[in-house]
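Heads up, the next two complexes both have chain A, just with different partners, chain B and then chain C.
Up next, the complex of A and B:
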């Protein structure tokens, strides 16, 4: 409907968006806080923003937030790194060797489409709830993002470019360095965008099960203690980190590969 | 940007290697992809089955090792004895009700925010935030509010499934051809007619993509909520089996979930093809 009034300047329009957006977030928190002026707060059931932010400040000051974030960040990073290191070469191999691709594609498609999270209890029992177990869950959930994106990236390589490099006397190495890697890169970053979200799920599942530290563990623990202010503070932290990570990858994607127009 | 996951890409047909007039292929050339694909899966299964013959497993690992034949037998037993139906029914109910709620909220809201710039600006921060956050983080809170049982599962499933639907519907609504809208308007159509005649039909492929993603999320929601906060269901059965080292039951449950999501996804795929028949060119909704 608003598009009827289209000839506004782009700047004004985007400002209007930001303004309305901030306004609604602000209104949300104000309303949430104000409700409890009229309704008595049952602190075993809900919390209010003032208490939540107080808890956030308290936990930040004591350094606990950083400790837990560190505990969660290590398996997150290891798992994603393992996925890249194993998934990308596998995907490239599948793309370059047609028969390998044909042989592995259905197997991986089935695995990718199935809820691999369901294997989490096994992983936890087998590898424990420490860094190894969480890393493996993250790996399991993200590796196919990289396999399939690298695979698609290689298949999208222009064969003409390969032939050009070949006819100028390029070796196999040059094919990879000059053509394949550059054209696969955007696909890998796109895989990372999906993978980051799934890695967060993996971390939380690992920590919900039976960890002794980490953000997910603390959320469950605060819940068990009915410490809802701290619980909400941690949920807020996870939300913020998730936004920063996903938007960060998007931004990096646009900055590094501006020619890739995302539909 | 329409939301998508790598699965769309994975399920899309591979680009033909020689696009320009393919020479008549021999039988082997035609069946090679299928043969290779099947042998890939069979090869892994055989390797898994034969693993103890190659390497001697130590006692600890043996506890976790179960060959595929054992998993198949367990699966058969679960169905034959009928023990699987009760937990499967509980899981399916959570899945269906949750997905139903997600559709009932996601579609209308997606249409609304797609049609109104103001509403979109107001909702955008929340949608971005909740979509980026793994909804799993709210699970302990949902359990606190709704307790163990059907409703906390339904909430988690719906919460997980609603965003892909909402976002893809919104994207589809916004991609409607302005010219068509103006034509309908100049024939005196009201907003309702514009939505009904132009906007929603245009958005259908997007909505279906959203639905496909939503199904994946819903299955995930069922699995996870049953792992942590349920007293019945397939996920509960799997966690209990895992804690008793009955690995074969875990894999059997996993296979059932796998079959569930593959069936649903291919049903949606078929629906998509059916609805897309009349389109001049397949719309790339990814």
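Up next, the complex of A and C:
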């Protein structure tokens, strides 16, 4: 009997992260649902999980969720791509050229710390409610994640490795290709992990202020209609996407850098 | 008074004359690292340089490697002026200097790749040297998966792969534990015997210097200059028992006496 029980315990033990984690999520939804057994539900102000999931199924079946996700995905991707393309070279330049670093570091630190989302209404005025405006907001919110991570990455480059490449006759180009880019890479991916979360916020903010489609737009629109079940369905969708994206980056990180020491 | 036996013994292969270097760090007092440093090395010779910490011995290797330019002085290798890095020299670094994102195989290939050798040929050459340093089976390991001794084997293979005339070794075994160090010394002598490179070996350890070398150069404290050169008359191939012979210990004592005055605690 004890022999049969032992491996079961082992299985439970090895999966306890997932089990306990899921349990608390489940408990949260159950508690949320249960509250309304005792409290009358005023659907103008609140919703409950059963209604939320029903709305989610409805919106998924009609395809509306996918339409809005598509509308939000484009500026999300463009904004992040622009951040990588501009932020990474800027950060590397700051790290490699001391004077550029000293000149830009304070300015960028202030900008990074400031609530750039507050500029969203201005951005909408200048760039409109379309893809361009949303892209720019995402860019504003994420570019410094890449700048500062690339900057930190370059400063962490081991000078010995640069000397190794130089000693074998490597030129400036080789320093970048053989040492600087590979050692900055993990920092950029770490920047992406933070950036993905901030980009999602950027998209939502952009679509809250002015948009005609997209996930953030629907959240506000359903809110204005007091259709809280649909509004929460969209919030759930955003949450799920945030989890998938950040976990995806984590997974990609482990897959792409097998040389990193496991800590 | 002038360092005896430093200059003009033999057909010089590497020749350094009056090499001077002063470091000028910003906002700090300049540091004179080398002062009229002279050295001559024969082709195929194994020469060790010992000296107190900070005497400029590692700096001299960096100058020979071409990474640092001296303020003045002459440096020739085989009659050619040393002016920047070149494929005729390769360094084995104290802290290994392996690229952590490259496997053993690709680390060994680094110098060949920078020389522009085609991939297929690179693989073969690297394989040869991986076998020489005893790392067959570890080709696809990353540096963090290797022990210190294995890392330095990769460092040696990488340096040898480009087929340099001169191997510069900057305290290559200092980061290893005592037993690994002894083993690596034996291995190095075997490899040196097989490849017949000229070796300049910087170390703190007198034992190591005697055991490996044809001659041992003792440097003064900073600003470093050549103080004395000792010929090691132990026969080759060397074996471990030689380290406990009276001859070995007498030489060790003599070198220690030359070094003693230079060491400030």
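As a convention for this text, the second predicted complex is superposed on the first by the 240 of 263 C-alpha atoms of A that agree within 3 Å, B and C clash if a C-alpha of one lies under 4 Å from a C-alpha of the other, contacts with A are read in each partner's own complex, and residues count from 1 in each chain.
Basically, a contact is a pair of C-beta atoms (placed from the backbone, for glycine too) under 8 Å apart; a residue touches a chain by one contact, two chains touch by 3 or more.
Note that this is a predicted model, so its numbers are computed, not measured.
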Partner with the higher number of touched chain A residues, chain C or chain B: B
- request: Figure out whether A:24 sits in contact with chain B (first) or chain C (second), or with both, or with neither.
  value: first
Message: If we overlay the two complexes on their shared chain A, which of chain B and chain C does A:247 touch? Say first, second, both or neither.
response: first
- prompt: Can A:167 be said to touch chain B (first), chain C (second), both, or neither?
  reply: second
Message: Contact-wise, after the overlay, does A:110 reach chain B, chain C, both or neither (first, second, both, neither)?
response: first
Task: Under the contact definition given at the top, report the residues of chain A touching chain B in one complex and chain C in the other.
output: none
Statement: In the complex, the residues of chain A that touch chain C are 160-161, 163-170, 174, 178-179, 182-183, 185, 257-261
- request: Would you pull the chain B residues touching chain A in the complex into a rising list?
  value: 1-2, 5-7, 9-11, 14-15, 17, 32-33, 36-41, 43-44, 64, 115-118, 121-126, 128-130, 132-134, 136-141, 143-145, 178, 191, 216, 219-220, 223-224, 227-228, 235, 238-239, 242-243, 245, 247, 250, 253-254, 257-258, 261-262, 265, 284, 286
- prompt: Which positions of chain C touch chain A when the two form their complex?
  reply: 62, 65-67, 85-87, 89-91, 93, 95, 97, 99-102, 110-111, 114-115, 142-144, 162
- prompt: Once bound in the complex, which stretches of chain A touch chain B?
  reply: 1-3, 16-17, 20-25, 28, 45, 98-99, 101-110, 112-115, 117-122, 124-126, 144-145, 148-149, 152, 155-156, 191, 194, 197, 200-201, 204-205, 208-209, 216, 219-220, 222-223, 226, 228, 231-232, 235, 238-239, 242-243, 245-247, 262-263
